[in-house]
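What follows is a pair of complexes built around chain A, which joins chain B in one and chain C in the other.
What follows is the complex of A and B.
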């Protein structure tokens, strides 16, 4: 009985002491929005579509982000340029459904879709949470500066013929008998 | 082809578990039949084994005590009773991983921009074999692609050299313009030069190729991944065979057609008309709203009321391209006496004869699978490749029965593909073609009997007489080819399973009668001991020709309807999905339409008939409605609705207002037409589904559900309901891998490609585990009719006119599809070089064809193999009064500068025939 009373009082005293000590520590609270915290580059916020180092759209409309999305909030349609480059005819994200899980970024084979540190996406009108490609596409490479999918892929596009991608040999001459 | 005659089961032990498998099969096939996962590439259920890819390696042990075992290729190893094998043995696993790694050495980094991605057999097998990173650091072999026409994309870098493409294209489908070139790691699969693939079955390369070398170019233009396609089981509406298809829809557009396995009909393959001919569903000119004669839009209720108002004093003309429910609802609306079939006069006569023969107990109308089993075939007057292409592919397989016979005698199993071909060399079962010129089956035919249509009929009657003396003989010059006829008679009589093929496409009822006589002669010759009926395959022209014929009274032909209308016996006319100008002489159609007060046309695209109508009602396309169709065998099949049409277009049976639900229309049709009594059997039994539940049209990973329509409104609409069927317009319900009652698109864990179909078969090439649905409607009566008397020659002279069919262009709706139009020729009349020389015509020149009541301008097509007394006319999609020309025509060169001649700007370049008489 005595030990119980002792322990309780002691615990109270320790707690009071700890709270008191915090009076002399710098506060963690940030005066948002006047003050802005540092957001880490890999923070999972607003989604963007990036461009490759040559300034072309990185998205090839492969649909992997859409299928990875657990809330099915990405819809797009593939189309093709004259020279064979795939790109999305439209690319839509319904941010009112998005849970910022980042699965789309993980699934993206071309580093096109990326999550950014921006989290300020509140809107008064819910319809404004639906973003189209014009809203999503940025002018830069985002977090990944060097990757250009079409320099690696075997598909021919303007300026890169067969055999000119990374690790590719000259196209075979089927009429030659040489090994 | 790999179906073995004997089905004895033997026990083998796989990974220490005993299994019962078919004796005579190979280990790969039996492992897959058991549902085990064993990777493979070059083996195909329909093309057997060649042992080229080495991917299906397993360990085989001599006996219980053998711990070492031997690596062996499962696809090349026959099943032996008591055999012990292991799929999971570490050495076998390692070997398979090594094989896939070397196959993948030069595979490009293409999956995100490859149309095969997500349904790629190579992706599946790579994952299954456990290969993920490329260790080889040398350069990848690359290839230049070829232009292969409007249907197929070529991306040769992706090839893993399994040889399936050439095995299908040249060995199975008889194509001559795709081959393996170069050698070793330079092997290239392509044409000798760029150009469209000639085979009518080139589209199957998309499904046969295990990776993305050959992909669907039409689909790629409006591409979606397999997991994003809303799919339902459907039926191809391109011809009367009734192949099973799986159309896929996304964002309200019909995106593509792929094969849907049916063990009795199409098996694993479709023709290119079926695969690429449905673009008309997305046509910009689709009728969307009811319109009056001035083109003013009406609201649906007013229009429907107007239809019912005029129906009391109306004659209705049905359609062979509309389902039974649409035809029946119209029949109910106007009464049976006022409902007429929509066939041309020649086709009506043929259909009457076909329907009579289809009820004769002496005959059996074979399924496509049964056609493949015929060991002597006679085709009478029908250009099968162009009127029922899938049947032509089956006929091509039938000639291989001689090879299987030889293989049996040498104890070679049928699945040993290369060995069977080697032993057969050029030996084939006989296939004889009675035709009026060269055809696309000539390369496998024993001989062609080439004559004018009337000449062919005489010779066919003579052949019947040679087979059995009871058949009426032909007097006069009927025996022009006596020696050949004697040989054909002998081979047909000696065959175990002879087959006679004829059809409505020839437009010659005498040929069908002659076919009946030959089959009856064969039947008589077999003796009278309750023997098996003779295979007599009678082809019908359109998807529901047979259904429409069963619903129409014999006297209610289109000609009779036009006469009644012209005589003022009916005030109004209702035309269901039918362009009358394609079916009857233009003058007679005009006379009828001028005489009626109100014409109502129900159709999905504007045509010459809708242009004359006072009220046009838009109807749903085949993929937008549920319907049953009856194929050439009398097999009724249900095509499910794939997607919704958001305009005012609706199924024709809904416009009539007779029925509230599809099921009512179907059941009433079954109840009120005696021939349709078994129609209700096509509805599947879904009572076992949990909670009276639904089956999903969308795959489990259908994407974009909350974003697809978010641009219109961020508040998602309620999922569309489908009160008319067991399918849901969503991914809700029991997935196919748990209940495959309605299997549209096969999928199984680790098997994303169409190869997953083996997971839904109890046995490779056998029926689907849940059955196929469908019902054979026609019952054979007791006691057959007698022989048909030989046709009297009418004594008229002149050039006989017959229709020329083209796989691309002859069918009305597919000819409106963009992809098909790129392969269509212009309207032409095919004539012999003598006729051309006699009339001063050269190939490709404009020519005037003059007949009884019409004259048309088309291009001359000079074909070296044709006899002089016949001209065959192909109308393409031009406004040509074919039926006004009559049976005999005369020819005259047309001035090239007339508007009619100048309108023929498509040329004949796309025509693929072997006997074009080229100038110089």
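What follows is the complex of A and C.
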């Protein structure tokens, strides 16, 4: 009997009091369009394609982002420049499907595809939510300022032969017996 | 005709207007208070502190399509929301707001309120039954069981006050509280009436007939437009009614120190309980259906009988 009274009355009274105290607590929400919440740099919002410090596209069209994407919203086609650099011929993200999971960013080997704190992407026409490479490419390096894929990778391009990349050893001469 | 007196035209018109406007305003008040208690801002855009939100809601709800489902029983479907409005507004007839303001000075005031509350059950029953929808039917089944069982000790809990005042007349009950409010001798009766009142107006935490999470709004699932609006306003009218009744029966109605006029005292006391009901909505979880029933029949009913018995003993021994 006592426990019944305790459970039905006392605990409810305590709950009422604790919720009542919230009247004097500042609201957690803000007046959105005028006031804006602080967006954290790692927020997973609108997707961009970044450039390396030299101003070239970082994307090497490896298709890993398209594979990682759980909703298949990324489509791209690989092509090549004459000096041997790979780049996407087209790169298309359908933001009406995108769920901002960030798997593409995790999968990307060259830090090309990145998510940004921008979330205001509403459109009146559904087709406008399909973004092409021109829309996605930015001029800067995004979150990683010094990274240049072709400078660190072993891939041979014009002006950079085998073994000339940063921290890369000379290729092994298999015909030599010397250690 | 144009002076404030019990039953005068001015009195009736102002009560009707004030009560309906207040019930509509409560939609905004409740949303705002709930948002404060949930650390939000709430509707604050339309007009001064968002007070015109009610007007915006009214325009929306009046211009909505007034749709009756083809599978519904048309007559009772249309009748149900009207019943709750009429019944609750009728109950306000016997509430004594101040010595001058009131509709009738009935010697069966308490019984009249209880009778009207019982008729209110028809509204939710007919609404759910005529909707021809299984969720609505579940809601109205729950509503009928809840209202019928909580009415029992709602009445019994009031009998303590009636015994002390020696009258069913609400106006005389208020006047007999001049030398002490009935909350002191009748605190158990007050608690029971409070709980039964919440259940009777099916407000949270006892909104089991319309539990959105379980049976998607229960008996008014199929309602839209102004018919839904009438259920909605009817619920807020019920809230105002229960708060006014608590004020009249246990907190001395319009009585209070004379630096404020009687109507202000009444409004302050009733407003306090309206805010308390909203706080209950913000804080308390909904019990299960069987918990509600067993709590009512096994705990509150014996308690209210005991309260009546003790009151009777005390009154008789001091005769």
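Observations on the model:
Throughout what follows, the second predicted complex is superposed on the first by the 163 of 179 C-alpha atoms of A that agree within 3 Å, B and C clash if a C-alpha of one lies under 4 Å from a C-alpha of the other, contacts with A are read in each partner's own complex, and residues count from 1 in each chain.
Just so it is clear, contacts are C-beta pairs under 8 Å (C-beta built on N, C-alpha and C of every residue); 3 or more make two chains touch, one makes a residue touch a chain.
It should be emphasised that the depicted structure is a prediction, and the values quoted were computed from it without experimental measurement.
In the superposition on chain A, A:42 makes contact with neither chain B nor chain C. Residue by residue along chain A, chain B and chain C are tallied for touches, and B comes out ahead. Of the two partner chains placed around the shared chain by superposition, neither chain B nor chain C is touched by A:145. Contact with neither chain B nor chain C is seen for A:6 once the two complexes are overlaid on the shared chain.
When the shared chain is aligned, chain B comes close enough to touch A:174, but chain C does not. On the chain A side of its complex with chain C, the touching residues are 4, 8, 12, 15-16, 18-20, 22-23, 25-29, 31. Partner chain B is touched in their complex by these residues of chain A: 60, 62-64, 66-67, 69, 71-78, 80, 86, 92-94, 96-97, 109-110, 126-127, 129-130, 132, 149, 152-156, 162-163, 165, 167-172, 174-176, 179. Across the interface of their complex, chain A is touched by residues 35-41, 279-280, 282-284, 295, 299 of chain C.
Those residues of chain B that touch chain A in the shared complex are 108-113, 117-118, 137-145, 155, 157-158, 181-182, 184, 186, 188, 190, 220-225, 227-228, 251, 701-708, 710-711, 713-715.
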